[in-house]
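Going by the order they are written in, the chains are A, B and C; count residues from 1 in each one.
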């Protein structure tokens, strides 16, 4: 069998083929993320309903989606949804990926929105009310401008996590880099080189992004003065 | 006949693999987390860089890719076939989450207030005693919630071993689907419920651990 | 005359480019009570942190009981001390911190017992008895099984003192131990220090802002300003009689 040794020749051979899947990987990632960003609002909205039963159901539904494997959720949408009575429709692998992973990640993103809103000081709400602002003005002028910036690095982190999760969509036929690598492997009876290329591509894209987001995080923290107090304190005890 | 219990009954044989992979890879990942986390805090530059590379490579790529990669790489790298994909599943999941958790270990140790270490010095403790008696017990309390959360992620990750032909819960679910496509929705819902029931103790533990973490390290 | 138990010889300390101490010479005798006063940022805390081995001097020597603390002999040469050397010398020194630094995961009693048992290898029963006695002395006999988070700041600081005392140090360092306390809790902590000062014969070095207290218990007062010991003498001499302009200015801020 070919696959029992490493071959640079196959590495060079497989590279352009695997790379063909890159566009799909990126477009699935971006589409899914946009879907998740939008669907996240739905969760945040549902969780703000002040009804105990609804709150309980929504909380546990989110918990259910978050703590079960996304690959099963993808299979559900791809294989099971079409045979559902009445509501069933056949979805492409791409659409299943966007909806399945999108809903899965929206549960995390909804929580991020919530933490952002909760991080706004209660005094700000009271001040907005005291100024007699309309609900729209209160949200658009006071709350959201303060709630959104601190969530950006967190959202960035989830974007990278999502990016690394997207290769599982090769199991429902989405032709990203992993799919291409596997089909190259099946044709040549040698997988190792193509899979290594997949790893390298993922690393080359995710590592710099992670570094970038870390920088953003530090910048945000200093801007919002979270660490300033700690650093000052350190200076004092060192005298 | 109740189709839900019927389907559930046919998925039960997969529980052995799902649970054993989860337990073994969780233990392996915890071990890796402590080893790598401490190495990253070591004074030895080489050790620090080498562990850093491990962490970045495993965090920077996908579990599914690592899983497939190990299936083909282990025979080439070590010239041996491990005999079963079970060990490969455990190695891939353990190394992957070990990398994530090593960051939790590292940051928790760094998060212990510097005054604690100073107090230990003032009581003339050795570096080892300082670590064992003062820093570690506090750091571990801070780590617990994240360890619980990542263990849930690992449980989700175990579903991928069905792709390297291990007979876990999802594997039996897929078999069942291919013979009764019209039952597919119910089958996958039962599969999801099984995973959720497995995750439930971890979810409850992580909520409790968050309280412990808040209480145990307050000044 | 007895020999000093601690000697600072031309000790300098800089953090990066900031010179915090500029040539400290200081003798501390056994059972002497020394108070260090001075404006914040003058380097008071750094003086005792170097003695506790929490900061390394940039240059100069600190001699503890005849042994050079930060330097050791190796093949006939003086080299930078390693951890083992530091441990062997600092065993007789104890410290109480501004922010208490109690171990939050241990009960009050465990806080006191851990070091004598693990560091000095003493008998557990004996250490327990001594710890209970010491906690009684600082007025916390009834809180032994509580955790630090359940105590007030003043109580925490008293525990921190008991914890240091159980180690039976020859030299005790107090780093602004009342600065982090609510004003109404300062008294109870000073009371305990006064009791220790009157009844124990260990040397004590206090970095403090409590002038009247320093006047009351200190045998010697140092006024530190911009990294230099400006005045040194009995409490009476320094706090009441000195004509040093900077010192008078500094003191006037404490006397209204």
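Points to keep in mind about this one:
The working rule: contacts are C-beta pairs under 8 Å (C-beta built on N, C-alpha and C of every residue); 3 or more make two chains touch, one makes a residue touch a chain.
For clarity, every value in this text was computed on a predicted model and none was experimentally measured.
Traced through touching neighbours, the fewest hops from subunit B to subunit C number 1.
In terms of Cα centroid distance from the overall Cα mean, chain B ranks first. Among the other chains, the CA centroid farthest from that of subunit C is the one of A.
With centres taken as mean Cα positions, subunit C sits 46 Å from subunit B. The distance from the centre of subunit A to the centre of subunit B, with each centre set as the mean of the Cα atoms, comes to 20 Å. Each chain gets a centre from the mean of its Cα atoms; for subunit A and subunit C, those two points are 52 Å apart.
Within subunit A, contacts with two or more other chains are made by no residue at all. Residue positions of subunit C touching 2 or more other chains: 99.
Under the contact definition stated at the top, not a single residue of subunit B touches 2 or more other chains. Across the complex, subunit B is touched by residues 3-6, 63-64, 67-73, 75-76, 79-81, 83-84, 164-165, 167-168, 170-171, 178, 182, 185, 191-192, 195-196, 198-199, 202-203, 206-207, 210, 234 of subunit A.
On the side of subunit B, the complex with subunit C involves touching residues 113, 115-116, 118-119, 121-127, 129, 133-134, 137-138, 141, 215-219.
Contacts from subunit C toward subunit B in the complex involve residues 52-54, 83, 87, 90-91, 93-95, 97, 99-105, 114-115, 118-119, 148-149, 163-164, 167.
Contact residues of subunit B toward subunit A in the complex are 56-57, 59-66, 68-69, 71-73, 75-76, 114, 152, 155-160, 163, 170, 173-174, 177, 181-182, 184-185, 187-189, 191-192, 195-196, 199, 202-203.
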